[in-house]
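Everything on this sheet refers to the single structure shown next.
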Amino acid sequence: MSQKNRALKLSALAVYAFLYLPLLIVVIYSFNDSKLNAEWVGFTFKWYDKLFHNREMLTAAGNSLIIATSSAMIATVLGTLAGMAMYKYRLKVLPGLVLAPIAMPDILMGVSLLLFFIMLNMSLGLISITLAHITFCIGFVALSVQARMSSIDRSLTEAARDLGATPWQCFRKITLPLLAPGIIAGALMAFTLSIDDFVITFFVAGVGSSTLPLQIYSMVKIAVTPEVNAISTLLMLLTLILITLVARLSPGALRS
Amino acid sequence: MKRLLASIVFMAVTPLATAATQLHLFNWNDYIAQDTVAAFEKSCNCQLVQDYYSSTEEMMAKLLAGASGYDVVVPTQNAVQALIKQKFLLSLDKNQLPNFKNSDPGFLNRSYDPANTYSVPYAFTTTLVGYNEQQLAKLGISPDDWSVIFDPKVLEKLKGKVTVMDDAEELFGAALKYLGYSVNDRDEKHLREAQQVIMAAKPYWAAFNSSSYIKELTVGNIWVAHGYSSDMVQARADADAADRDFNVNFVLPKQGAVLALDNMVIPKDAKNKKLAHQFINFMLDGKNAAALTNEIGAGNPNAAAAEFIDATIKQQKAIFPDAATLATLETIEASDAKQRRLLNKLWTEIKIK
Amino acid sequence: MQTKHWQQRLLTLPPMSYLLIFFAVPTVIMLFASFRYAGEYGGLAPWYSYEEGKLAFDLTLENWQRLFETDIYLRLFAKSIGYAVLTTLLCILLGYPLALMIARSPRKHRDLLLLLVILPFWSNFLVRIYAWMIIFSPSGALTHMINSLLDIFGLAPISLMYSPTAVIVCLVYVHLPFMVLPLYANLEKHDPALLDAAQDLGATRWRRFWKITWPISLPGVYAGSILVFIPVLGMFAIPDLLGGTDGIMIANVIKQQFVESRDWPFGSVLSMVLTVAAVLAVLLGAKFGQQAGQTR
């Protein structure tokens, strides 16, 4: 038994190394005093300094935050409704519609939305990106809410109704508070997915609506400086902080 | 949690609130000097916001997919022609462009825009071969011939060390030149011959690459790159600055190559037309135009810039071609829909096979 | 009962209409676009004309014919599916031991171990690709190491950047968590008593694994496989940045039709084929998953 355990642990360790070494390299090179991610020259903070003076990057970060916040909020409302409906009723169309955007490759949603927006003569920009992000976020919120619904004890709401509560009171005072962890987890997931999305944004972005991932893509493609490493390192740090925060706030949220 | 959300929203909205007047420029990557950007922003008290493209096709696709709101775009001559035909461009108000007189008459009134109604020359480049001097010398390969990119016998020694442009018109142009045809030859038989040449050479190439070959040459990952003259100037300067144990150089292949004249235009739906004219006028100023050559390494169609340009750059035939060299260079002409569809089909086949 | 009906509408209608407008309608538009002509300079040509009081439709099968004109597009699909299958298998190979190890470690460690799997997944997707661009770069440490090793044995140096190998490694790297999570969710629920009983009956370690753990975990394997297979099939960024001249996949050609060649109708044709492939994969995976769930 112990021999097998050791083999298992060793291979798992190797996989962890596979997961983390590449990211470690990105971080290390962000402090390298050379323009060309090749050999180690010396330690520096200058790429971070440059980054904070890179207006295009800051604008893109601002755009990303605007898009992620608004699409997460709207997707959370719509997704919560969908999740509750999917749990409560035997529906035919809605579950398919909610799951399909999750199941389809991103590029398909990107190009079909591009065709759609152009057909409507809509100019591409922050609004088109937000509309697109809401579309793929709804499903994730809905699933998270649906999962939480199934763990709520039905007798609670029934008891409330028996005691004369209106459906709205019942929802407001009982269902909603109990659902909150599922909704928060869904909202956070939507926020992360939106801020991370590259493929769909790539197709529906317009003038002056570059987001962080688009900016990183063009930097990676043109491959100029370790500023990319610096922004990557900062993003990883931010995510780490967010996750720790979430873990503190609602320990259950990460598990779902 | 509420406070967290509120602060996120606040952070998100701040950049909007502080935004000054903006000029949206859609330009080739690495095609304007940083100092020029700063100087213009100071002079107009505005922000210059840039988006980049690395091929004409990419730029056209973006514009035609409804990307409205750019104030100035820098298309190559054949794209200018296509954009005029589509009634996409604003007719320029020359009264707002006093520096227009600085343009070298040799670059004005060309067939793509006979009276320069819509466009003003910005800079020009040639598409040529950039190479690692030491490595090629070691192998005994001379880079001044398109065979360095297309001949499998030569490529055997360079396997995985060559990149070519990810751009149908440029790559077919080079292959057509290699075969002795015109870059504008749209005869299907000749195009198929060019396709065969490209297919035969493809296994030896590392990648189709229109954007990061500057870096790859500088680091030494790539020994031969098909690309724009201005980019090769950058690569050479970067390699020198990084104290590499090799030099990057460039040369026009003797069969001839593509010359691209890039122009400034204003789309009809530009949001800030007055500022757009102001920017064009600024770039036509001799000193600012000269920076395009001194900092970026582009050829200059501005007569007033001549006195500010570094003498060493002026002597390079690949950047400022003399009459004899000019005779071997061709500009790409706009093709009609049918020709374009054929070229795209052949190009897609190349990419897949 | 009236209120219940009303409630159901209130819950269902907003998300449903949103998804209908922004997901279903665009998909139908894409299908329709695959029968239209490309505009002269890009975009789409008008699909009807009205002349002399007569309505005429300008629709065509030409774009679909082009798909079957040569075998290169079908071969490209086959190649992309091959890449996706290989990536999925490699993800199982790497993800299974990891998921098993986490499922069998003490309960208090599991959350942390799982979080460590997800953490890299929360860093931007392009950053993860970028990491491999640095590693594979000919001047990077890994290539140096491999080549000096090869040199000892007198073999020619290799280049990892711009190769199908680079694409596959990066695809596996990016999608591994999608495999580990459903596998873990399944493995965690296994009853250890089964394994103990088998051991008491004298079954060897391998036998116990293949006869008990593996069959019970199959629904997890299928779920993970779908989660890996489908996004890989639609991937263009990784082949774009690491693939060189040889590692192109179907999504790259779709992207090319939309953002370079300006041939939207043909891009729509390829997208529709990809849609069908993805739907088939989901149905197939669901069917196998169900069967595996029933037989246990």
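We call the chains A, B and C, going by the order they appear; numbering starts again at 1 in every chain.
Convention: a contact is a pair of C-beta atoms (placed from the backbone, for glycine too) under 8 Å apart; a residue touches a chain by one contact, two chains touch by 3 or more.
Predicted, not measured: the structure shown is a model, and the values here were computed from it.
Colleague: May I ask you to sort the chain touch graph into line, ring, star, complete or other?
Modeller: It is complete, because no pair of chains fails to touch.
Colleague: Across all chain pairs, which one has the most C-beta contacts?
Modeller: A-C
Colleague: Using CA atom averages as chain centres, what separation in Å is found between chain B and chain C?
Modeller: 35
Colleague: Roughly how many whole angstrom separate the Cα centroids of chain A and chain C?
Modeller: Going by mean C-alpha positions, chain A sits 18 Å from chain C.
Colleague: Would you mind listing the residues of chain A that make contact with two or more other chains?
Modeller: 36, 38, 114, 118, 221, 223
Colleague: Can you list the chain C residues in contact with two or more other chains?
Modeller: 43, 137, 139, 258-259
Colleague: Multi-chain contacts in chain B: which residues touch at least two other chains?
Modeller: 65, 219
Colleague: Could you list, by residue number, the parts of chain C that touch chain B in their complex?
Modeller: 38-43, 66, 70, 72-73, 75-76, 137-139, 159, 161-162, 243-246, 248, 252-253, 256-263
Colleague: Which of the residues in chain B end up touching chain A in this complex?
Modeller: Going through chain B, the ones touching chain A are 1, 4-5, 8-9, 11-16, 22, 24, 26, 29-30, 47, 49-52, 54, 65-70, 211-212, 214-216, 218-219, 238, 242.
Colleague: Which chain A residues qualify as touching chain B in the complex?
Modeller: Contacts found on chain A: 34-36, 38, 55-56, 58-59, 62, 65-66, 69, 114, 117-118, 121-125, 184, 206-208, 210, 218, 221-224, 245, 249.
Colleague: For chain A, which residues are in contact with chain C within the complex?
Modeller: Going by the criterion above, the answer is residues 1, 4-5, 8-9, 11-12, 15-16, 18-20, 22-23, 25-26, 29, 36-39, 77-79, 81-82, 84-85, 88-89, 91, 93-94, 97-98, 100-101, 103-109, 111-116, 118-119, 131-132, 134-135, 138, 142, 167, 192, 196, 198-199, 203, 212-213, 216-217, 220-221, 223, 228-229, 232, 235-236, 239-240, 243, 254-255.
Colleague: Which residues, counting only chain B, touch chain C once they are in their complex?
Modeller: It is residues 55, 57-58, 60-62, 64-65, 82, 85-86, 160, 168, 202-203, 205-208, 219-221, 336-337, 340-341, 344-345, 347-349, 351-353 of chain B that touch chain C.
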